[in-house]
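Chain lettering (A, B, C, D and E) follows the sequence in which the chains are written, and residue indices restart at 1 in each chain.
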Amino acid sequence: MTTEKRVLGIALTTTPKVILLIGAALLLAGVSGVIYGVAKSFSFMLGAAILYVVITGFGLCQCKHWAWLTVLCGLAAVIVFTLVGLIQSTIPLLTAMIVWLVTGGVVWYLQVKQVKQTFRVTEDDVKFLFLLPAVTWVLLFTVFPFLYGIRTSFYKVQIGRVDQFIWFKNFVRYFKDYKIHHSIKITVIFIVVTVTVEILFGLLLALLFNQKIKGLKVYRTIMLMPLFATPVAIGFLFLTIFYEEGGPLNGFLIPLGLKVPWLSSPTWSMVCVMLVDIWQWTPFCFLVILAGLQSLPEEIYQAASLDYDPGWPLFRRVTLPMLQPILIIVLLLRLIEACKIFDIPSRLTRGGPGTATMVYSLYTYLTGLKYFDLGYASVQGFALLVIMMFIIQFFFRRMREIYA
Amino acid sequence: DVTVTSASGDVITFTPEEIGTIAAEGQQPFKGKEITITVNTGGPKGGISGPLFEWRDAWEKLTGAKLNIVEIPIAEQFQKVMVDLQTNAQQYDACMPAASWYGDLVTGGFAFSPEEYYADPRFPKWHREYLPPSLVNLHTWQGKWYGVPNDSDGQVLYFRKDVLTDPEWQKEFKAAVGYDLPVPPKTWDQVYDIANFFNNKDWDRDGEVEKDSGIALHFQVHNQGMYHFVSLSAAFTVLPGEKVDQCHNVYWFDPTDMTPLVNEPGHVKALEFLMKLAKTGPDAQISWDLGTAWDYFLRGDAVFTYSWGDVGALVQDEARSKIKGKLGAAVLPGSYEVYDRCQKQFVKMEQPNVVGNTTGGSWHGVILNSAKEKGVQEVIYHLLAFHATPKISMWNVTRGWTGVDPGWKLHFLKEQGGMSTVEDYVAQNWHKDDVTDYTQAYHDNFFAPVMQSYIRIPGGEEFWYKLDEHLSEAMSGQVSAKEALDRTAQDWNDINDRLGKEEQLKYYQESIGYKP
Amino acid sequence: MADVVLKNIYKEYEEGVPVVQEFNLEIKDKEFIVFLGPSGCGKTTTLKMIAGLEDISRGEIYIDGKQVNNMPPKDRDIAMVFQSYALYPHLNVFENMAFSLRARKYPEVEIKTRVENAANLLKINDFLKRLPKHLSGGQRQRVALGRAIVRKPKVFLMDEPLSNLDAKLRVHMRFELNKIHQQLEATTIYVTHDQIEALTLGDRLVLMKDGVIQQIGDPRTMYNRPANLFVAGFIGSPAMNFLTGILEAKDGALWLDMGTFQFKLPPRPEKLDAYIDQNVIVGFRPEDILDKQRAAFATETNVVKAQIDVIEPIGSEELLYVSTGNQTFVAKIPELAVGFTEKRSLVEKEIELAFNMEKVHLFDPKTEQALLNP
Amino acid sequence: MADVVLKNIYKEYEEGVPVVQEFNLEIKDKEFIVFLGPSGCGKTTTLKMIAGLEDISRGEIYIDGKQVNNMPPKDRDIAMVFQSYALYPHLNVFENMAFSLRARKYPEVEIKTRVENAANLLKINDFLKRLPKHLSGGQRQRVALGRAIVRKPKVFLMDEPLSNLDAKLRVHMRFELNKIHQQLEATTIYVTHDQIEALTLGDRLVLMKDGVIQQIGDPRTMYNRPANLFVAGFIGSPAMNFLTGILEAKDGALWLDMGTFQFKLPPRPEKLDAYIDQNVIVGFRPEDILDKQRAAFATETNVVKAQIDVIEPIGSEELLYVSTGNQTFVAKIPELAVGFTEKRSLVEKEIELAFNMEKVHLFDPKTEQALLNP
Amino acid sequence: MPDPTKSKWSVKRILIGLAIALCLIWSIFPFYWAVTTSLRKPAETFTVAGLAIPFLQFKPTLENWVAEVKVPENQRALRNSVIISVNSAILATALGTMAGYALARFKFHKIKNPDLTIWFLSQRVLPPVVVAIPFFLLARQFQALDKISTLIVLNTTFNLPFAVIIMSQLFKELPIELEQAALVDGYSRLGAFFKVALPLSTPGLVATAIICLAFSWNEFMFALILAQKNAITLPYIISGASDTRGIQFWFIATRALMAIVPPTVLALTVQRFIVRGLTFGAVKG
């Protein structure tokens, strides 16, 4: 009895009060997290709260300096969430103020030299303070959905009705579904055509504008306008432009005896979707390539012009190879964006006529959120992700170089 | 008396009985209450959404409540409402659904039946007895009312009376086709012959054949193109009979085992016919939505269209239409050959097989159970009943842009067994020549002896969409008619499998009144 | 190899703002000409005009007797080494050097031998396969040079080719350039703003200021007989000391009165009578000033007592920054005969310095032209 | 003002790759120490370790007797002048200079007087309100200096502060730095790779190579008595000539046999017996080689005939690059008494050069340590 | 370089001028079309042929605009769009700035800096449709459907990686000496960040925020899935441009312009920065 008391006494006196305090606070936070989770059956929040308490508590007991960091991050998260709650007006201002005051106080206290010494926090650890909020944020909001998505892909889900584990049936469906195969096919065609055309046009335009022209800045501004135009709006807007009976395009073409069935022919409607995408994204290629061209040292051109006449040979032997790194970046970014194409076909053609422009994302969207076949839609989503990861992998080395 | 003024300045006066005591006494008992109703996007001048905006201020003044109108794109409305309901988010108190949602709304237990308020004098008075049985069927589930009527959808045939009755064209037609030009056409084959005859002929005598089409239809995918097929194919597939059984009076599924009928020869023939018929109109139809097709007809560029009641009303709007006073209308034609499932062959009929349809949404208000939880069900019912009052309904029906179409006795002429007069219409700026045909066509349609059944089982929207997608594939020439319908059947099977075949069958039988 | 003649060259980028003016120069075959001048004086512009990379606003350029004003650069048969090297980053060293030969469709064998010869000469044969970005500054410089020499052009143009190198490498490359020129004997025009480079490399220097030629001459002339104040100040490091004085005639000799002290001019043939009793600018190079003890030329009439401000040892010699009255100047003298730390204590002490009057320069303060050179 | 002691400093960025090693140095109060060495030798790293901007892997640093290894920079009371000046572009000159005072919460009045005093000293009071981008290079340099001195820190650190200036300005700022140090008497550590700067500024130089100190000493010692081959080659421009020879004992004297020629060593106290008949490296500074005609020290035993490769006039003197046998070397001689153009023709001619044997340096070819210094 | 074609400059100039004019027309025409359509009466949508030049071919009217602006639902969508995009831009930029600073200035050992950067980048690569569905399920679980804050969080998540990378590239270009000078001058790490690094990167910071803002403004899929009534945004409102009877073009035009104009105008103000922004700092514009 006495020995036990003494051990406890020693433990209590030797452990800095600070840590006891924080430990208690954390315990409180964790327990309330658990209770909240149980009450609302937020499985993830519950799990996260338990994990957080266990890890941080463990670290605190050992005076690990990262425990100090996790506490700080947790507090930062509290501040951010109250902020969001405030914006959303689910949390009254007074509550928010109190929460901030308390967390602010704790943060301030944790910064005290003595605390830092206890945790052996060095100047260098400041780097985690800078990095962790963003990492936590991204993890919190992408990893959970990601895991949830993986779970869903093994389930048959009809929200509100069915939620049943079905092993790999959704995956099997994926390989047997002629519609998804069709979507993949047209998406690939879309990507190949638009990316090629955009880069080619962008290059041509950049060459055209890469000379001493008066008012270049104004032109560039105008060329830039499509870039930030809301894609949904653009999708609709082009409906009017592609209108076949006397829309502005056919209005010109019909007198010439060309009546283009823009949206009524399966082939042409694909062309329309591509045209809109090209309209919106060629400026991007143009801008980037122009920036690349203008960053090429003039002296190299002068050196080369001692050997070649300006024109195609000079372009092929000097300009193009030197532009190559930029072209690769453009290609990568365009590939990624093109894989994600959704807004434009979803509004311009709705995937039609028939399924002629049913691009991948659109099909997945319909499967998941129109027909509520969520398990299968998740499988489709992950398949797309795998494809994109392959693309990224392909460019990985180059990217590492850029961001090293 | 109570006088209300619409946003565009029209004034309607109600008697206290008509408007109900709540509004008549000016107490504004709903003050401080707020309700939210979803409707297809359309804006203040759009179809279905328009009247809500039009009368919002007036109604709010009457009751003191606040009305939120949530416009949702037609392509997304069903899913958004369902998400709200299934997740119990309770954002919406009511919706303006298509009747095809009942399968999900009612069987899911989300809809609130305002049966108890119908006779309540506090609320605006509307009349169940005005509705033909075919429409009553759409607003009820197993005899219980869920909807408050508003729009009545069904497709009828519109034609250019001036052109078809032109003696010169009649002569030429006879010479070319071999029989007298029938006005109105009685069978689909006649429609085809006429449309084909006039297509790309300078029948408006403006010196060019550019915009002189036989027919104007709309087939844009996910934009209600499939309704054309459904109303047309009824004549080829719905075999009249005493009662509903495996072979008679069925259109969608075999009522004994849920086998889709959509890829059976009758449907295939109908689709092949539709594809043929579409060729007598502009190629661009494939990408048209209904508004575009209507405009084409309204501008006087096509001889035929078959569509909803909006067309008749829109014709009267001279800002959009050049054919006021030249409109002919009739119930959809029939077919001499109908497919008999039991005999597995087409049977010849004495008379053309004319089948009435309720194709479309028949967009009307349904109160959601969540409203009851929030205690605003009365407020909503008041709103919906207000819009269903004869005066507002008439006002809506006579204006094309409202998207509200006729279907009640109220809207039909007295001589047709209805309650209106030609003058009622003319007073609202109609051309007198257009009224009789128009109302008669709708009367014939909704009171037809044989009716096409309406799909009202869970997944109803999905059935429509899948059908639409594959139809569009066929119409745009990507696959054959048979292939498209086979795909549809397969998709329908998948849906039923996913949702549970047994349950689906039960609901289907209930919804079409099949008794084994 | 060829001669280059520039006649009355005039160049403006913007209307009315001349960048190069009245530029007249005849460059003989095999000559090594250096354009020297402060930044922005128009050196590069002139070079580019010769190369055909810039239009000439007025005037004529002849290469090998042929007027080339409107000849495109590639037909002028010149090679140019750029300040930033302008190596093609996507080509390896070999291909960089072969680039101009390929443009002229030389046979592969010929290309190979030529490139290899040049690489040998420049000692870059070990990294012919590398890309420019994997080379050090000096190596890049040599590749740039190699690219120019493989073609054996009529004229070499070099635009500050050494300015990106560190001091040591610069000295080394200077020596190499000198040797290469002696081997190839190509007519070379070399641009620099570094006077040491100019002095060590050029057969003749062209010193420019604001687009106008200040003086043309061989390095020794430029150093010893600067034509004007600008040239005198520009060439030599530390720069020539300029004092202001009044020319006086006294006792049959000419004297310079610098306020607190007077120097006697040795008799000279130049006619300075017009400047008697006028202000003149007096120039002494730092090495022409010595402490009295060690100066053989010290007399009564050229010694002055001055206060030491700073002493800078620069290896074999020391720079003495001194001041007297309101005149300050630098002397470059052999090491002072005291230990290092003691030198600190010399600061603010006085020293007697003797000026070598045989080496005095005089300039007109208004026209800034030289009146008297040694 | 304080003394700084570095004890056994060791630093690595990546595991096992030392950047600084065995660094031992005691810097006395008020001393001006220069770290000198080729690029990448670890000068900046050492400086940053003293400032606390880099961790020290092993070893200890004391400032004013206090161990500062784990003290954050702000508590060390040092000021640093960066190579790129690192002026805060968003603050004007005054605010730039006041920045560190504000960090330490000085009263406004005090800040004002201090900044103004510093500005007076550096003659920048006219543009206290300007932003750095509106200043010339030299002015920026002075502001950077001003920012450092306002605080009167214990120690000044300067990292190549002059390297971004052009040659002329550099000479001038060197002079100013010298004067300022004489006025402020702050302990200063100055980093440079320019030996002229090092020689002219430092009380003592620390010459580093690959993170290891090669020699510590005052400029004259470093120049005249280099401790090893590296030091000898690094200091002095043009660099010392190194010849290979064999030490031989002959006629009771020591001789150096350089293959084609022999030099006799004057008697010296150093014990070279161990190296007799061994290879040694012989070093001569260029200025210790003269043409025979003018060399007072020319005797039979120190003259050699060599062939001129290149002549580089550098103003008052000329550099003769010559070769004989397989040895090449540079001589720095007063001008040759021939006209300029004739000099070209001298190339490949022969000249008799005398070597000042009093000034010879000998090095062990293996250890590279100096055996004999003058 | 002398222009060898100088003698026939006129032909070349005209060709270039023509090409440029074509490009400009190509990119500006849809905007023009939207404007004229919005100024026409609904009935005139297709009755006016060709280029539909205002005043010449029809009498422009503000009718559509008045009608649209008056609708409270549109006003709410506009307000929501503003709240969501501004807030998520601020949040993303704030978090992104900190993380970007860490990536640019500190060395991380277990996971190396470039790998961290690419990890962030890969979040941006993630197709929205992949996470949309799980997100929808999660949001349902958390009762977070139809909340403005949900959309703020989501947009922030998707813009955060972008902000991180841009800001880290920006900080990398900021000479490290400036912060070291501040350290020596007596500031702590945080002090150096706030007193020196942050003020100096303000222009880039603002530009990043604006680009994030434009992205969030244009975001459609999440709004479509997660908003029901309260959190509806402008793109969502536009997406309803087809009603029960098809597409109303005047309605598209007005609502499209409402959506397009703000981000476009904002983005144009940071033109200088756009290339760098859109290429994740990989290309300096």
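Things to note:
Just so it is clear, a contact is a pair of C-beta atoms (placed from the backbone, for glycine too) under 8 Å apart; a residue touches a chain by one contact, two chains touch by 3 or more.
What you see is a predicted model; the values in this text were computed from it and never measured.
The remaining chains, considered with subunit D omitted and nothing else moved, are all joined by touching into one piece. Fewest steps needed to get from subunit D to subunit E, stepping only to touching chains, is 1.
In this assembly, the chain whose C-alpha centre lies farthest from subunit A is C. If you average the Cα atoms of subunit C and of subunit E, the two centres end up 55 Å apart. Rounded to a whole number, the gap between the C-alpha centres of subunit A and subunit E is 14 angstrom. Centre-to-centre separation between subunit C and subunit D, using Cα means, comes to 25 Å. Per-chain CA centroids place subunit B at a distance of 94 Å from subunit C. In subunit A, the positions touching at least two other chains are 123-124, 159, 243, 245, 302, 305, 309, 369. Annotation for subunit C: residues 53, 72-73 touch two or more other chains.
Within subunit B, residues 75-76, 83, 87, 220, 223, 288, 292 each touch two or more of the remaining chains.
Residues 42-45, 80, 84-85, 87-88, 90, 123-124, 126-131, 133-135, 137-138, 141-142, 144-146, 148-149, 152, 157, 159, 205, 208-209, 211, 213, 219-234, 236-241, 243, 245-248, 251-252, 279, 283-284, 287-288, 291-292, 295, 301-302, 305, 309-310, 326, 329-330, 333, 336, 339-340, 342-343, 347, 361, 364-365, 368-369, 374, 377-378, 381-382, 384-385, 388-389, 392, 396, 399-400, 402-404 of subunit A are the ones touching subunit E in the complex. Within the complex, the subunit A residues that touch subunit B are 156, 158-161, 243-245, 254, 261-266, 269, 349-356, 366, 369-373. Interface residues of subunit D facing subunit E in the complex, by the touch rule stated above, are 48, 51-53, 72-74, 76, 78-80, 82-84, 86, 88-90, 99-100, 103-104, 147, 151, 157. Across the complex, subunit C meets subunit D through its residues 166-168, 171, 174-175, 178-179, 182, 194-196, 199-201, 203, 218-221, 223, 235-239, 285, 287, 309-310, 312-316, 319, 321, 332, 335, 339-341, 344, 347. In the complex of the two chains, the subunit A residues touching subunit C come out as 297, 299-300, 302-309, 313, 317-318, 321-322, 324.
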